[in-house]
Amino acid sequence: MEPNDLRNLAERLLRGDLSVDDFTQRLAHRPIADVGVAQVDLDRARRCGYPEVVFGQGKSVEALQRIFQALIAAGVDVLATRISTEQASQLAVSFPAGVYNPVGRTFRIPLAGGPAKLTAPQGHVAIVTAGTSDLPVAEEARETALWMGAQVTLVQDVGVAGPHRLPARLGELAGADAIIVVAGMEGALPSVVGGYVNCPVIAVPTSVGYGANLGGIAALLSMLNSCAANVAVVNIDAGFKAAYVAGMIARRANRP
Amino acid sequence: MEPNDLRNLAERLLRGDLSVDDFTQRLAHRPIADVGVAQVDLDRARRCGYPEVVFGQGKSVEALQRIFQALIAAGVDVLATRISTEQASQLAVSFPAGVYNPVGRTFRIPLAGGPAKLTAPQGHVAIVTAGTSDLPVAEEARETALWMGAQVTLVQDVGVAGPHRLPARLGELAGADAIIVVAGMEGALPSVVGGYVNCPVIAVPTSVGYGANLGGIAALLSMLNSCAANVAVVNIDAGFKAAYVAGMIARRANRP
Amino acid sequence: MEPNDLRNLAERLLRGDLSVDDFTQRLAHRPIADVGVAQVDLDRARRCGYPEVVFGQGKSVEALQRIFQALIAAGVDVLATRISTEQASQLAVSFPAGVYNPVGRTFRIPLAGGPAKLTAPQGHVAIVTAGTSDLPVAEEARETALWMGAQVTLVQDVGVAGPHRLPARLGELAGADAIIVVAGMEGALPSVVGGYVNCPVIAVPTSVGYGANLGGIAALLSMLNSCAANVAVVNIDAGFKAAYVAGMIARRANRP
Amino acid sequence: MEPNDLRNLAERLLRGDLSVDDFTQRLAHRPIADVGVAQVDLDRARRCGYPEVVFGQGKSVEALQRIFQALIAAGVDVLATRISTEQASQLAVSFPAGVYNPVGRTFRIPLAGGPAKLTAPQGHVAIVTAGTSDLPVAEEARETALWMGAQVTLVQDVGVAGPHRLPARLGELAGADAIIVVAGMEGALPSVVGGYVNCPVIAVPTSVGYGANLGGIAALLSMLNSCAANVAVVNIDAGFKAAYVAGMIARRANRP
Amino acid sequence: MEPNDLRNLAERLLRGDLSVDDFTQRLAHRPIADVGVAQVDLDRARRCGYPEVVFGQGKSVEALQRIFQALIAAGVDVLATRISTEQASQLAVSFPAGVYNPVGRTFRIPLAGGPAKLTAPQGHVAIVTAGTSDLPVAEEARETALWMGAQVTLVQDVGVAGPHRLPARLGELAGADAIIVVAGMEGALPSVVGGYVNCPVIAVPTSVGYGANLGGIAALLSMLNSCAANVAVVNIDAGFKAAYVAGMIARRANRP
Amino acid sequence: MEPNDLRNLAERLLRGDLSVDDFTQRLAHRPIADVGVAQVDLDRARRCGYPEVVFGQGKSVEALQRIFQALIAAGVDVLATRISTEQASQLAVSFPAGVYNPVGRTFRIPLAGGPAKLTAPQGHVAIVTAGTSDLPVAEEARETALWMGAQVTLVQDVGVAGPHRLPARLGELAGADAIIVVAGMEGALPSVVGGYVNCPVIAVPTSVGYGANLGGIAALLSMLNSCAANVAVVNIDAGFKAAYVAGMIARRANRP
Amino acid sequence: MEPNDLRNLAERLLRGDLSVDDFTQRLAHRPIADVGVAQVDLDRARRCGYPEVVFGQGKSVEALQRIFQALIAAGVDVLATRISTEQASQLAVSFPAGVYNPVGRTFRIPLAGGPAKLTAPQGHVAIVTAGTSDLPVAEEARETALWMGAQVTLVQDVGVAGPHRLPARLGELAGADAIIVVAGMEGALPSVVGGYVNCPVIAVPTSVGYGANLGGIAALLSMLNSCAANVAVVNIDAGFKAAYVAGMIARRANRP
Amino acid sequence: MEPNDLRNLAERLLRGDLSVDDFTQRLAHRPIADVGVAQVDLDRARRCGYPEVVFGQGKSVEALQRIFQALIAAGVDVLATRISTEQASQLAVSFPAGVYNPVGRTFRIPLAGGPAKLTAPQGHVAIVTAGTSDLPVAEEARETALWMGAQVTLVQDVGVAGPHRLPARLGELAGADAIIVVAGMEGALPSVVGGYVNCPVIAVPTSVGYGANLGGIAALLSMLNSCAANVAVVNIDAGFKAAYVAGMIARRANRP
């Protein structure tokens, strides 16, 4: 807390506008839901603009249920990633409003009232894939960007081996505020896309390939060394993170 | 070129608005300056919003001079990175208007007339460093962001070992459209910054450290695996690229 | 498109030899079959001499069927690699003319009419393996080379531990236009073969071995560092790619 | 054996205080239980302060039983780690006093008489986790520290993405003699904890994460490069070893 | 700050014991010396028990001077590591009381009055090296432990190739509260030491060796995988950090 | 073939001692059994002293049978390694004289007549393991050494964490011509053994361990960097190869 | 030597056409020039189509001179690679006919009479570079291809960041028999070139770049994982080897 | 010490054959020369058959002198490896009988009287190199083997690229008790040699090469994965260690 805020609180306390209890709570407040297995961060939306997203891999269904309930109780749209079909089928019983994307492995629970943020798209995110096997990562990204309120365009299977495929689709990328490029194997596509566009490219290496692709490391290194200046990179298969960064860029670019 | 554009050109040709020569040049035009050692991309600003930046490392002074001249002839602000003091002292003779930053190892040549883009800052980029040894990378980023027209805030030496240093400076980051976090060693700072802010964080691992930092690989891996969702990563010591991405975000966020 | 071609098109347009629609299509033509999950590159044969080959791993049977149908409709011999026995048994129902090689995991569908290219072998490709476990990769290579129209010789199990085995078989390699050498473990065989022959050697490291072979990385590094000058390398287990490169060399060496 | 001890033994032998047999046994004594498959080190408690702990992974139940019996016969509290539920269910039959922790995968058999060391806690060990998936490693650590006689505090799910969660819990760490910090992904938490506390931090990287976390290597490198001076590191997922080191520190800090 | 402390401050403010200014400063206080190039953490001693140590590598002499002066002004004993002989000869002019250890590359400036902590040793740290080339790292450790007030024993050159050398020196390790083991090459010594002693072993891999030692990575991996349970590890060549952890253990074990 | 041998053959040809056919066969002879899937090297025993050993992993039972039959037909004792229990149960039907070692995964078929080499042990090989989990690799080594005619001593579970276990067993190693040391985790045992003995030590890293042992790479690097001069290394888990080298040393040391 | 050749030799010996000495020399002949430090392979041209090329790095000038003289004496055009300017200036004195390329670091000595192979180009090799820093590798390739008798086209600085540069130059690649693509950083260019052409692409990764390019490993992995089927790879910076393979392909494609 | 020896000593003490002082010294004896910087192992020859060899790299000339003097005083032939020309020129002054090998970087000091072991060669060690650049490592091996009393044969520059070079020299390897094969680049030569001989092959990878040879790692992995069963491996560039192992094998094979 900044000095000015502190001085302000102190003066309100002295003026009697604030009780000692309120004052203490203001400074010591922990907007955290303790659900035993997890400390759910309920303050994330205030600090970062979006609520906490749940990473489902390795969590029990019971743990997921308790976390979802804490988020819903706080009035937050739930988004969970890396949800297996087994987890999803059980969660669907407890949260019938939830929507499972089996390709992207995401589970979303839109709030009953519907959030204001969905009334008008908060910017435009384009997602480009190199090959058909990159789709699961692209779908995770698409679900995340939609959850953030962005309009999403998906351009599939335009990898560099067929070099005339990308130029034919550039028109669809024209209005994007940020472009996510998903590619495995040699991961060359973000560099090529980067050379055509005037917005940031968020590159996602995928573990698609075999042999010396080393589970995606080859594509990752390729993207980090991209000669295109507008390319930043996220972790292997990290469709969620790419979309989160892209969604932030898009929303900021479309502030009223 | 899109079908509509082609149809349009064809019709102008048929109407006689366009000669066969002009028509041919329009479609075959190569906005490239061939300076022997290099094919300077003069079309970059149109496609990507900013002109080509020159990577100085390993280039001869003569090659740099020819590239600079081609860019200046095209009316472009020159920015060159990884310029050694030896290269700079020779370039300063040929380009007396050039400004060399010996810490960031950049060489800039502002255009005589002054570009319109500098009249009002094009958004706000903050740069945060973990330690004093990260300064050269931060300076390269600062020069790049300034060249792109952004307002720049630099917050130095607030790494996690002194955990009260960052919160004390958060106020300076409040207005940023994008935050560049530069860190070596364990590269933990971007995750911590990411948890406090509502804009994208562009993380730059540096090769600062020793032993198992593996020339920056440790920090790079750390940043790629960041648990903060708003963190994207660029190559080790890539201050230029981080600033280029951040500058793009900032400008887009401040379009009139 | 080159200036001369463009000028030619423009003059044909002006002469009325070409309608605006035809003109537009000529320049904007996209010889791509959009089958939803994939953008099948139908222009590959024109550009590269051979049609697109389908990478089967990770694709659903339904996706494979749609891609195969698009290729067949374009009059192209289908070759698919990394097809599991599960995929193959379903594909065999839809494409009864298809031939599955369970060792090499390839699925080929020869065109009914039979392509002219099969009337006379288009050069000679030899395939050499170091051990019996390298056979699946060699079979993938053999199927690919046959699909490209080459005559194929297979010399098996002549690794360096029995150093008299290779010299005894050199006669069979004499007429080859290109030699594929498949080896796991220490990957020494391509260097030895390379020292005996006067044509390019395409080395394929395999993931055969254990411990410090690191899934084929040991053999890969060995082959990249070969002291024989005529050895180029492809990815681990990439029998298809080795044969594709070898087939191109063989055909070119036997142009009428 | 030191010269003085030897001289002393020699003099006792000469004085007749010691028979030749006793003398020989004193110098040649091997406090090892040979149970066929293993040489159980019964002298460990004397040398190192604690008896040998059994690493269960890959051992047959029969081997475990024989080792446990040898330890119990020597009057030692048994602790075994990496015990699967399958192993545990069989061991529970033979050792009904045994306690299995299915999350931490440990099996403990407290001695009937109860060791004196449990009457008063031997120092205070705190365990901090970054995320909910780090719990199995933390539980292994907790069981080990309890077995060593320490008082244990567990603070869960306070990773850096929610930066206000750790400061809210610092009070619980105040009395600790050593703090174990368990974290996967980017492994940043030990550095942050290290900056707040005045005792050693034992960092345990976990294999939690995906992509470029490389099975925990990313977190391991991060922790080794920590800019906090009070951070030492153990192997990936090595909850047992972290607790063993922490327990030694704690006991030493609380010697009567 | 904990709720009770906050409530207490609020009550003192209401009682008039604290002015608004004092109150604000208490909560917003930043015990940081801003010396331009660095934010010197003056609060470290309070939080962590020891003041900040300066990492000299890559810092200019001017920067070091400003940081030293800030520390001295705060009444703190200066310790700087990785100081080259060039840096040291210049620093010796400005700080004539400084002591440079050319083997360990440390620079210490004892406070004029002499700290109370030196009147009685704060525990006992032993340092063991495998070979003569490990001495620089051991000396850095020794200087650090002395700066922390510990008694230090150095046992040199007792690596495992001469297996009778270590047992002959075990007596010297008997009283240690923590043992630092410094080893390059295969890094086996910490495991062997660990099997003989009842205190924590802090292992320091060194970059001594050649070939497949990979700059110390071989020894690092060896130490992380130690079968001795009481071994924790720090970064390659990190003598300072090992001593810092050992010194903390030793002091805690000798609290009055 | 050496000049003298050639001259000799030529003279025998001229003298009529050798027909042209015999002469041709002598020089072109290929002592290889072509069994389709493999080229069995029947000349190995003449060149290398021992017949070819079969690597069973990944080979079909049918292939193994054909290779075994070719070896038996050539009068050779069969040894096959990496034979699964599934393979073994089928091979036992075809080769009832075969002996399967389920721990070492070897299959041996002693010749009916019994080889002369078994009448007197051909030297003495000792095998030492660090832990109980190293037994499968040690058993593979033991079977191989026995097949080569060596006397074998096995000393189990004497890793460095219990440092008094090895010295107690040194007497059993005294007569060995070569010592195989099998160890996982940090792989320190070969260095320690090497320091006590006057014969070569063949070190075998095992994949036993977890986390940063990297599937045995940690132990492998440790052994390669051993400070003991008499330590050579073989591949991870390569019990067979260690025994083959050790057996050769032992036999040579005991030539009549 | 094949059986037929042997039988033939035997019959000539019996007929008296061949003396025993000649016969012996024929079979034992070693077309190797023993120059002390090296065994120069004078038989290479017969076996492989081209004479041995000298790798200059790390060889003394004296050794080079002796090797050059042996090659010249055998009537062979000398080509040496990795020749430093220091080596070259001394070699120029001994071999005034030699031509040094300071960028490509090659030294060639054309035979006085001029080889027949230069009268007509033996096929067409194209060399494409991604950036200006790749020139040294491209020049080594160019010198090698010229030495092999090929016609060479060099297309420079057409990396993917300026994606319109390559299509503008495709016409120059049209007639090539093999295309060498030289690229550092992310190594994406070979994949893009591969998608446009119908001949083999030999990809050469260069060590140009910084940070996570790992001295060329990033580009190497990228090229090995290329999604273009006609791309084979050689070692990092191996311009010589790429040209050797390309030259072989070109010559074979242009046999009379 | 074994029980029988202890009992024996005890009885001699009781009989008065041994004084308490003598008895104590027998058991506590430390045959170590403490020269300050090093603990010279004077017992090595008794335990391991050969005295300690000095690793010169990184040691000061003064340290070397003290160690040499201690060894000479103990009547031991000195051998030091990795001695630079600078070190050697100074050592030559103090030890005029010393012999420096500038290629192998070894320094030997034969004892004045001449050791008995040199009167008859203790077995036969052959050293084979792949290329001329491997000579320094081979020379280190040669010096070491000579110091151990072996007869040494050196066969140079017979790498696999000229496959007829090795068979031409096999006769020279016929009598060897152990063969050291030194190779860089792809490290294929040990496998080929291994297939021809009936004695152990000790493979030494060298750091000769460039690019993906990774400082010798490529050759190291190749040798570890050798398909020849009689190949064991030592560290990169470890000529000394290879010769030490080979020398031990040779001596044992030639025991009187």
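Letters A, B, C, D, E, F, G and H mark the chains in the order given here, with residues in each chain numbered from 1 onward.
One rule holds in what follows: a contact is a pair of C-beta atoms (placed from the backbone, for glycine too) under 8 Å apart; a residue touches a chain by one contact, two chains touch by 3 or more.
For clarity, every value in this text was computed on a predicted model and none was experimentally measured.
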- Can you list every chain in contact with both subunit A and subunit D? B, E
- Message: Half is the threshold here, strictly exceeded: which of C-G, A-D or F-G has more than half of its contact pairs identical to D-E by residue number?
- Response: C-G
- Interface composition of copies subunit C and subunit F: same or different, split at half: different
- Query: If you tally the C-beta contacts for C-H and for D-F, which one comes out higher?
  - Reply: C-H
- The distance between the C-alpha centres of subunit D and subunit H, rounded to whole Å, is 41
- Query: When the centre of a chain is set as the mean of its C-alpha atoms, what distance in Å lies between subunit F and subunit H?
  - Reply: 25
- Two or more partner chains touched - positions in subunit A: 2, 28, 131, 161-162, 194-196, 211-213, 217, 220, 224-225, 229, 235
- Touching pairs here come out as A-B, A-C, A-D, A-E, A-G, B-C, B-D, B-E, B-G, C-F, C-G, C-H, D-E, D-F, D-H, E-F, E-H, F-G, F-H, G-H
- Query: What part of subunit G is in contact with subunit H in the complex they form?
  - Reply: 28, 30-32, 37-39, 41, 43-44, 52, 55, 57-59, 63, 205, 207, 215-217, 220, 235-238
- Message: Residue numbers of subunit C touching subunit H in their complex, please.
- Response: 130-131, 159-163, 185-188, 191-192, 194-196, 209, 211-214, 217-219, 221-229
- Tell me, which parts of subunit C touch subunit G in their complex? 2, 47-50, 53, 171, 177, 194-200, 202, 220, 224-225, 229-235, 240-242, 244-245, 248-249, 252-253, 255
- Per the touch rule above, subunit F residues touching subunit D in the complex are 131-133, 135, 156-158, 161-162, 164-165, 168, 208, 210-213
- Footprint of subunit F on subunit G - complex, ascending: 1-3, 6-7, 10-11, 13-14, 20, 23-24, 27-28
